[in-house]
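Labels for the chains are A, B, C, D and E, by order of writing; each one numbers its residues from 1.
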Amino acid sequence: MLDLFRKDTFRHGVHPPEMKDDTAELAIRQFPFAPVLIVPLSQHLGAPAKPVVREGQEVVRGQTIAEPDGFMSVAMHAPASGIVRRIMLAPGIMGTKVESIYIEPYPASTQEIDDGEPCGLDASPDEIITAIQNAGIVGLGGAAFPTHVKLKPPEGKKLDTLFINGVECEPYLTTDYRVMLEQTEDVFTGIRYLLRATGTKEVVIAIEANKLDAAERFRTMCPDDLPVSVRVSPVKYPQGAEKMIFSALMGREVPSGGLPADIGAICCNVATTAEIGRLLPRGRGIQERVITIGGPGVRKKGNYRIPIGTPVRYALEQCDPVDDISRVFMGGPMMGPTVSNLDIPITKGTSGITAFTTGETGGSTGKKKVYPCIGCARCVEACPMFLNPSQLGILARNEEYEQMAESWHLMDCFECGACTYVCPSHIPLVQYFRMSKKMVRKLSAA
Amino acid sequence: MNTPAPPQQKPTTVWQMYRSIVGIGAFCALLIVSVYQGTSARIADNRARFLSSAIEEVLPAVRSTVEVSLDESGSLVAAAEAADLPAYLGYDENGDLVGAVITARGMGYADNITVLYSYSFELQAIVGHKVLESKETPGLGDKVELEPHFLANFEALDARLNEDGTALANAIVTVKEGEKTEAWQLDGITGATITSDAIGSILNQASSYWLPALERDARDFQPPQSIEE
Amino acid sequence: MAKLSKHLEIGSSPHVTDGASTDVIMRNVFFALLPVTVFAVYAFGTGAALVIIVATASCVLTEHWLCRWTGNPSTVGDWSIAITGLLYGLTLPPDLPLWMVFIGGVFGVGIGKYLFGGLGMNAFNPALVGRAFLQAAFPQAMTHWQVPFAEGRFESIPSSVMAMPFWEPTYDAVTTATPLALMKFESEFAGGRELAAGLTSGSVGETCGALILLGGLYLVARNMMNWRIPASIFATVAVISWVYQLYDPTTYPGPVFMLFSGGLMLGAVFMATDMVASPITNLGCWLYGALIGVLVVVIRFWGGMPEGVMYAILLANAVSPHIDNLIQPRVFGTGRGAA
Amino acid sequence: MNEPGYWSIFLNAALVNNFVLAYFLGICPFFGVSAKLETAVRMSGAVTFVMLVASTCAFGINLILEAINAPYLRIISYILVISSAVQLVEMLLRKLSPPTFKALGIFLPLITTNCAIFGLALFQTNKGYGFTQAIVYALGAAAGFALALVLMAGVREKLDLADVPSIFKGTAAALVVAGILSMGFMGFAGLGR
Amino acid sequence: MAKKQVNPTDEFIKGLWRDNPVFIQMLGLCPALAVSNTAINALAMGAATTFVLVMAGLSVSLLKNFIPREARIVSYICIIATFVTCVDYAIMAISIELHRALGAFIALIVVNCLILGRSEAFASKNKPHIAVMDGLGMGVGFTVALLFIGVVREVLGSGTLFGVDLFADGFQTWTVMVLPSGGFFAMAIWLLVVNWIRQRQEKADKQTSEQTGEAAS
């Protein structure tokens, strides 16, 4: 009986305006090569890759230019045929400089791709996992966590359900939606690889209710031999966080400080899955990805298949930016980090570029008057991790970092920003928490 | 800064301990006892003066009093020792009985209220009261000592006994301000209702206890020799 | 391209908010109180109007002046002090001397709010601190009630209202007793309809239960108030008084009387819900409301005062930090949620 | 005549005439240890304990003093006997129950010569309570002390995180909170009837 | 800065302001709040405490070589309790009304941490005449503090000062001031004033030291 009333969603969360209409119906288009492509060696969580090319060396599109350095690392591939101009530090999104390979594409560089050793579905799980690592595949949803690491759960943990995350709850972004519509077959192929690699028996494709046609497409096109069920959740942010998906669709919570493997679940972004299905049979690596370029700051909005390493400036210029563009961020407005320098490159973790105008940001967090916390509890109602952002915010202001971590579960915060979104006093809560988490790590390291 | 370096601690001998403790004990005992002796006369005097001034306030005609108590059978006897809530018989300069002064206590608004009130044998009524101790809200509760219309109750607050003399004929009660209709009613104070109610019930309770015995025995009561002057 | 060469703003995510703002919330609470205020002026006349104006002004000016004096920007603009002032005015008797009104306002804001660190940090509801101070300082004046809808209430100002500062007021209006005083000392219970419609005597803004509820409903509908607190208070008070009424209907009034008499409505809807001084979790709010309810009933039934809402809320304010410490949201992935 | 009931004694001591908020007894430890909830709770436990010891001692001494008719020895004997009894108990506790001692022990020296304890002994004598009444009175006083202390600690913990004007930090803040709490406790007036 | 020589006058002065027992050291708050509802009570309480302070200081200082370290506290308590008993009876002999007004708080002088504290920390280490001056200074500082609180409470709470009516009839008394909460508030407000003055002093001191520092450099 209770199931009748159970909605496939998590508790708490917020409802930011979706803003997806501008780009949702625009098919994926190929993006031109920028005059120079900057491929950072660390586009993922973990150890940076080791370059295997020299400065001045000629590379072919698709060629491996850096190899994984250890298990927590993935390979890099040349996004275009051209010459390696430099291997040096380049500015990254976090403001720190990272070692990057500068590639100058040949003016006549075609979209031809250098295929490598294909990896078939009959390969052993370990072979598939290595192939995924060598294809440079990381979570394309934004976190850029190396996918192959997820597929190998710690000893003694058994995976039983594979979730394909097609929720895409960030406003403005429509890449996953387009991928689901246009690369449906690739997704199924990817699922086969993942099933083989992880040994899971059940697949759930999670989709939000604003992408019903994608869900319908999956349902109708699903091959009979695949144990796939498609589940539609109500629209809510941050439904796309994997912990929220598990809680919404499995009714189980990942233990605090634990891994998804602890509840036998694994979650893969739908775009990642599609890339696995597209690249592995051809032995290719990721040298481009689909992103949404949108927001009121650009006129030629759209979903583009864009070479990794394209500088943000070039990407925006191609999309006809408006005059009073004021703020640009990677990804969506809820979690996307601000671009402080337009020369940083698009990386594997970039799911979109959103540009705001002054009209938009004039009413945004930075400009509004900050009031004291009045204890209205809206943040408590919003926090998907059931934390108490109000108290945490007060503690952060008083620099009580240890108390935040010990008594108030600061480290469980995954920085979704729902608290800041709802705060009527405009307190930069999640900003405080990011800083506090850094401080806690520093303190515990010391 | 200006404390010198701690001197070398010499081990204390048992003798030193005894010497100091006994010495200090003796010193203290001497001091306390002498002060007690030196002041006891004045204190007793002060107490008596305090009591007589209080009694004079509630029963001006009294010149001398004798403290009384009720024995187990309920009859009036001279008090053997100072009671917590004493009652006194009051005599005028001719040694004639004019009234009784009774101490009574009851719960008020915040804490106990102790009142001293006087009973006139002639009028068979309560003719005066004074609050000895109260923690009532100043400005509200202390109206029972200041408010003229409340004090007017004590011109003659009827406290007659019933026919067989075992209890009050009419219980003393406090009524709402301006609604006093009977002589045994206390005209209350609006805004200090609880305190004025409390006074009523304290009077009622104490009177029920004392008055039957007083009415029965007081006139024939032979004061012991030592009537306090 | 020139348009991309200009400086971009830096700010960390989220880059959007839902548009709610503290001053808007506060302003709405203020508006929700306006019907009650208008009714109060209608029922009690010029005296009430002056009391409300002076109460609001004293609070606002105190905060403004304190901010200035300590060299901080004035925080009057967030409207919270206006609510405090108006609420404070609504809890006072309609013929209270204005100088007392002023002193209570200064005290409530200065001691009850500013010294605690201003908005968001006041452990106690400043309006109630001000009122409690007056209740303790001038008990007679604070228990002096005017008859509602008196003839000529708009023509003249009650002499007590204009009493000379620091001097005892003289009263010319007919006084009456509040329904609660009648309950306490006379065992007379006013009818529910009379109470809800505000036909009885009492503090300026506490008499008309229906309008207070209306204001509360408006705030609940706009998600600007935690409905659980008043709901919990109402439920607790109603249940306890109902049980006692069954037991002894002559001494104990029924739920309707208890809910609509005295400051319960105003207190439960507008003061106990002061977000700053109430707990943050929903369960905490239920507990907090229940605590207020129990205290109100205990003080009204067995205490020395006819009215207990103010004390109940002040005491519950003091308990609220503990409720917040004890009742915390169950963190995701811990407790029963952890697989 | 009318002996107050136990319930009334308890309520009076705990709420109506709260030792801290109405009689100002035990103000020093009240301000000293009310900054943190944990210490406040442990202090309350220690005070309850010592109050019971003191109440018992005071009752016994008073019997003796009345027997030998020496009221002038009351102050000196109360203070000496109570403080030595507490020390004895402290030693016993250290022997018998080290965990309890660890929890309460550090507070015991603080409160052996504390006005709340001594005041309790004097008041119960002045009020002429019998043994059970005295024990109930001690329990009530301790409960009131604990209540005030714990409420205070909550507010002060909150204040710790607030931008309090610097002249208001510390005891001044504690005094104001105590004053407001004291006003709040006025609501209980008349309860213990 | 460091004065080696102990000047009795300094010992007296420091109790008034720099080490004021109530406002600075926060000692003896219990009587400071409880019996400061009128100025007379405050004065009487202050005088009684001063007497005990001085006498206890004198005795302890005189007996400091006689009392072994182990029996220190119990001896001090004994001495203090003795003098408190004396004061108790003395006040009763002077006026029963005053004794009633001060109530148990006379007896409670015995647990005033100020007295034991001064005895242990100061009198037991200093010569008698200095201990007396210290006790006197502390006592007077205590009395003055009590009087400050008492005056505010009495003037506002009863409209009188030392029992004399200050205002014409009809003055509205502030009942709260004679209630316990008024004690807390009156004390808090004085404390705010004291803190404010101290902060200004510190600021001024810092400025002058900075100026002299600049001049020197």
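Observations on the structure shown:
Everything below uses one rule, namely that a residue touches a chain if its C-beta (ideal position, glycine included) is under 8 Å from a C-beta of that chain, and two chains touch if they have at least 3 such contacts.
Model, not experiment: these values are computed from the prediction.
Counting hops only between chains that touch, chain A reaches chain E in a minimum of 2. For chain C, the chain with the farthest CA centroid is A. Looking at which of B-D and A-C shares more C-beta pairs in contact, the answer is the pair A-C.
The chain with its Cα centroid farthest from the Cα centroid of chain B is A. Here C is the chain whose Cα centre lies closest to the centre of all protein Cα atoms.
Distance between chain centres (mean CA atoms), chain B to chain E: 34 Å. Per-chain Cα centroids separate chain D from chain E by 23 Å.
A straight line joining the Cα centres of chain A and chain D is 60 Å long.
Centre to centre, using the average C-alpha position, chain B and chain C are separated by 44 Å.
Chain contacts: chain D has residues 72-73, 76, 161, 168, 176, 179-180, 183, 186, 189-190, 193 touching two or more partner chains.
Residue numbers of chain B whose C-beta contacts span two or more other chains: 28, 32, 35-36, 109-110, 137, 139-140, 194. Chain contacts: chain C has residues 111, 118, 120-121, 133, 136, 138-139, 304 touching two or more partner chains. For chain D in complex with chain A, the residues that touch the partner chain are 160-161. Chain E contributes residues 2-4, 6, 63, 66-71, 74-75, 78-79, 81-83, 85-86, 89-90, 92-93, 95-97, 100, 125, 157-158, 173, 175, 178-179 to its touches with chain B in the complex.
Put simply, chain C touches chain D in their complex at residues 70, 111-112, 114-118, 120-121, 123-124, 129, 132-133, 135-136, 295, 298-299, 302-305, 308, 310-312, 314-315, 318-322, 325.
For chain A in complex with chain D, the touching residues are 394-395, 397-398, 400. Of all residues in chain D, those touching chain C in their complex are 37, 150-152, 154-155, 157-159, 161-165, 168, 173, 176-177, 179-181, 183-191, 193.
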